[in-house]
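My structure is below; once you've seen it, I'll send some questions.
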Amino acid sequence: MKITPQDIVGLVGILPTPATPDAGHWSSQNTVDLDESARMTEIVVSAGTDIIMTTGTFGECASLTANEVRDFVGCVVDTVAKRRLVFAGITTLNTRDTISRGAELIDAGADGLFVGRPMWLALDDKLLVRFYKDVAQALPGIPLVVYDNPVAFKGKISEGAYRELAALPEVIAAKHIGGAALDNDARTVGENCRLLPLGGDWLRAAQVNPENIKAGWSGAVACAPAPLNALSRAIKAQNWTEAAKISEQCQWAESAMFAGGDLTAFMDYSIPIAHLRFEAAGLIKPGPCRPPYLDLPENYRAGALECGARWAKLQKEYQNV
Amino acid sequence: MKITPQDIVGLVGILPTPATPDAGHWSSQNTVDLDESARMTEIVVSAGTDIIMTTGTFGECASLTANEVRDFVGCVVDTVAKRRLVFAGITTLNTRDTISRGAELIDAGADGLFVGRPMWLALDDKLLVRFYKDVAQALPGIPLVVYDNPVAFKGKISEGAYRELAALPEVIAAKHIGGAALDNDARTVGENCRLLPLGGDWLRAAQVNPENIKAGWSGAVACAPAPLNALSRAIKAQNWTEAAKISEQCQWAESAMFAGGDLTAFMDYSIPIAHLRFEAAGLIKPGPCRPPYLDLPENYRAGALECGARWAKLQKEYQNV
Amino acid sequence: MKITPQDIVGLVGILPTPATPDAGHWSSQNTVDLDESARMTEIVVSAGTDIIMTTGTFGECASLTANEVRDFVGCVVDTVAKRRLVFAGITTLNTRDTISRGAELIDAGADGLFVGRPMWLALDDKLLVRFYKDVAQALPGIPLVVYDNPVAFKGKISEGAYRELAALPEVIAAKHIGGAALDNDARTVGENCRLLPLGGDWLRAAQVNPENIKAGWSGAVACAPAPLNALSRAIKAQNWTEAAKISEQCQWAESAMFAGGDLTAFMDYSIPIAHLRFEAAGLIKPGPCRPPYLDLPENYRAGALECGARWAKLQKEYQNV
Amino acid sequence: MKITPQDIVGLVGILPTPATPDAGHWSSQNTVDLDESARMTEIVVSAGTDIIMTTGTFGECASLTANEVRDFVGCVVDTVAKRRLVFAGITTLNTRDTISRGAELIDAGADGLFVGRPMWLALDDKLLVRFYKDVAQALPGIPLVVYDNPVAFKGKISEGAYRELAALPEVIAAKHIGGAALDNDARTVGENCRLLPLGGDWLRAAQVNPENIKAGWSGAVACAPAPLNALSRAIKAQNWTEAAKISEQCQWAESAMFAGGDLTAFMDYSIPIAHLRFEAAGLIKPGPCRPPYLDLPENYRAGALECGARWAKLQKEYQNV
């Protein structure tokens, strides 16, 4: 059964990759805590999360070995057990490694792939589109979610490039950075590609562009799947009052992270911030960060912990709803 | 009486510059709504705001004419009537224009100056320090607040440059961008220069570095001076429980702006976002934006309005406290 | 007589602003060396330079006072005495100041204006186009040369924005940054707007796009007008062999500046580099830099001096041709 | 025999990785042209190049598979046959993969490693130093050349970080970006770490800082090893007149690449530019680029070809010297 943009509806939950206690040291191998990974996946799926994605930025795609990505995605796929679509992150430093990894993870049972572009040098529009075309040609029929992260991949995907990417049948969605470009990009891609806004902007974006925006992503499903899925249900039911209330609560939780200012430097620490957030939320055990993204300045620590604590409150409020 | 870093205590409120109805058109002159400016200043001062600053980024230092800056600062100074210290923003494209403007505004009654550096070309550490030395030498004894805004001025002030700036007697404080560098920069400058964190991070920063962090800045005093001054009183009284509660509320208000993601592009729209925020908060009439910073993408509009609405709620909650 | 894009043909020479001996100090006023300015202008015009532009980046538009810009442009206009078109640079921090300055310099005899956009905050496409529309509406019929400098003005002018700018009758040309975008931008604007490549790329660009590229700019006419005008004549005469030879010589002269690497930081020092280059070339006396752009790291000094020395050699070779 | 900073003297030649005719397609594997790789290495070594480095940016470290890196470095090591030191590039997306690759290539016979840092997220000073400490601890006694490329790795290595890196016995040198920071960084690291300037700046830097600057790097040894080694010999012999002459010729060759302007975008195309340069120089057969770095805008093509042609002229001039 072919997966299309119309299948991307609801909450897209992005998972962290739980780590063994020794994961912070360069000498460690097999640092995926597979028991915790299975437990986490079950929690997220049971809570109703519609679609699962793995190994993006805070899921440590960069700092996992190829073996660890395979083990983790295998574990997630087995735990999900076809109850949901699973998109596995396969960003590497080049086209061929990304294709190899993609083929391997599809063999391991992933339904589709979550694909950032190589980042040693910035790719211009032409090379960026060519990269996704190559991946699509190498893995025909495999659904791809484009990863649009200007900080990681050295540039925003332009409107022109989105137009060309949306024309590829394999490209069914894109994790979008949000901000000024979202509404325009959503109009550009139309029905050929689902753009995924950040959870906190999902409601607003869906109201502006109800044809395209039918799903939103969150990196906090392993903190608090209950409120996020409640938001998803409210948006699907077009219960705008309820959605607005939960949306505001989710923003309140996330906002703790930004209290310290300097938004431009914030994303450099997204991996250690995520670990602290999961730790403080208490639902799963993230374990230590993997090298080299081991630490963060004091200034961001308090906000990350407070963010986790707020998600924990919301989880408590919504878990029995 | 000489003003020293020890005089910079409490809430530093940064004012917008209320605009006449025709201010959005290139042909308009004298676009400062002076009646509203006086009314706003009185509101902010009466609410207890400890120190007043003008004409930073959202105060439209860039897009006011020299005459308008003079008229506005004159109006603020007259309204404050020596009840508070007033620091007037004098950032221009070069050292000499900044010095001339500074001399003029000191003559008009400002107590000190709020100084960003020229930004056509980025200044390296040596030239940056030289710029502030030149201003200090030209205006001896006039207290200066350094404006550290990496996006506007093309680079963060480094730890080494802070060390040299703090050694200038005229430099008594710096409006800091926050983030990773704050705690370290605060240790570096020690008692010679007050670093001003963003309101939302003030409490945390003050607990980490109680010797240096005794004041915080906010651009929302013209939205809601009551909760911000309540926060200031709580921090001064070391009433941490109360401060934490209000701090969280302020973060909740501010957070509405960030819901849409793409934090890196956010600051490009800080002027129109501020106008919407003040409009929605309803306490003052900001009037239209001045050219060229006239508009913002849809995506940021909703968040700005929501932010203003939240400040209005907090103002209502705290105004009679 | 209306000036159109078709009038922009040949070498566009951009002038520095010669400084009095005390120009480096913040206390100096009237720092334009008017005698040297007149002498320089006469040299550049006599050498055949087709079009004159003033007060761009290295012409210290940022660090001249409004009075000094007026005095300098007046001097250039008087010296040129209608033998050539003169475009005066009017970049400021906002739309209204740019318009006022433009009106003043047109009154002083400039034929057109050289216009960069306000740079405190980056302008998106919509606001950027609106800025130029406002200037064109305020100064109807006055020919404008757009200044496209991504480092100074925080972003490249996009293809879409060029399309809209070219549709404004007042916008007759743009000083282009060159690089990857030039050929494409030139196709986009077609005959409605002349794109001006850097001298060293003029020959190549003219061969790729002979319809649009009929003029090139150089900031070295005050170093060595003779070889640059010889290049201009060769390109106009379609004497490609001769043009290739001179083009290579000009590149050789310029290349001395880039020997030290770190191209990304290079432009931060373009003002002091230019002063050293003119000094070493020996044709004019640039005088000291104006604050704050007073100095450069050692590493760039040698290259700047060598660059000037090479231009001096070429001037000697071509001055009697 | 332990390799120390004092062993890094003369010309450090960085090699491209010759590609098989099908290397541009995503489906190709084993794309290293090993015969040509051996032939190229022999040419470079026979010409006198003092030290060999592989798999940096234009050597396509990013777009080679792990197998291909191993095959290529093995081939280089075998061809060099202990006549020179060989440093193999091992930059990956994380600490552990870099360590594994380093261990493998040392086993294959490399004398040392050329190490850029992970780049998905920017590393601050603390994490950057920790990364190199981890690599040094994992590969004790193995000499490391730090790769300081601000565009690729999202930030310049600061003076403070250089100080700490130089204190690691394994860190014996750093490929430096040049520019403003070089002289200062060289003073900072002193005798503990050799900083390698770009060939065109080597002479100047060596005269400013003769204690530290005893070697320079070039990516053009596979275009024209003869003039570069002649430069190296002249500098070693302190024959400054001869060195200045050759240095200028080398700058003349390189300068063709910069003619088109827009220096800030230039580096995004360094891989395809290098392929064209080698092709035009004619000494080796570089073969096609590997995905995704497959192509470049027209504007850079002419300059790259001209650059290669100039190197070919210089090679002819110096090959029998």
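A, B, C and D are the chain letters, set down in written order, and residue numbers restart from 1 in every chain.
The criterion applied here is as follows: a residue touches a chain if its C-beta (ideal position, glycine included) is under 8 Å from a C-beta of that chain, and two chains touch if they have at least 3 such contacts.
On a predicted model such as this, the values are computed, not experimentally measured, just so you know.
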Hey, what chains does chain B share as contacts with chain D? A, C
From the centre of chain A, which chain's CA centre is farthest? C
I'd like the Å distance between the centres of chain A and chain B, where a centre is the mean of that chain's Cα atoms. 36
What is the distance, in whole Å, between the centres of chain A and chain C, each centre taken as the mean of its C-alpha atoms? 47
Could you check chain D for residues that touch two or more other chains and list them? 124, 151, 180, 267, 269, 297
Complex contacts: residues of chain C adjacent to chain B: 26-29, 57, 61-65, 91-97, 99-100, 117-124, 126-127, 130-131, 134-135, 137-138, 151-152, 267-271, 290-295, 297
What residues of chain A sit close enough to touch chain B in their complex? 150-151, 176-184, 197-198, 200-201, 204-205, 208, 247-248, 251-252, 254-256, 258-267, 269, 296-300, 302-303
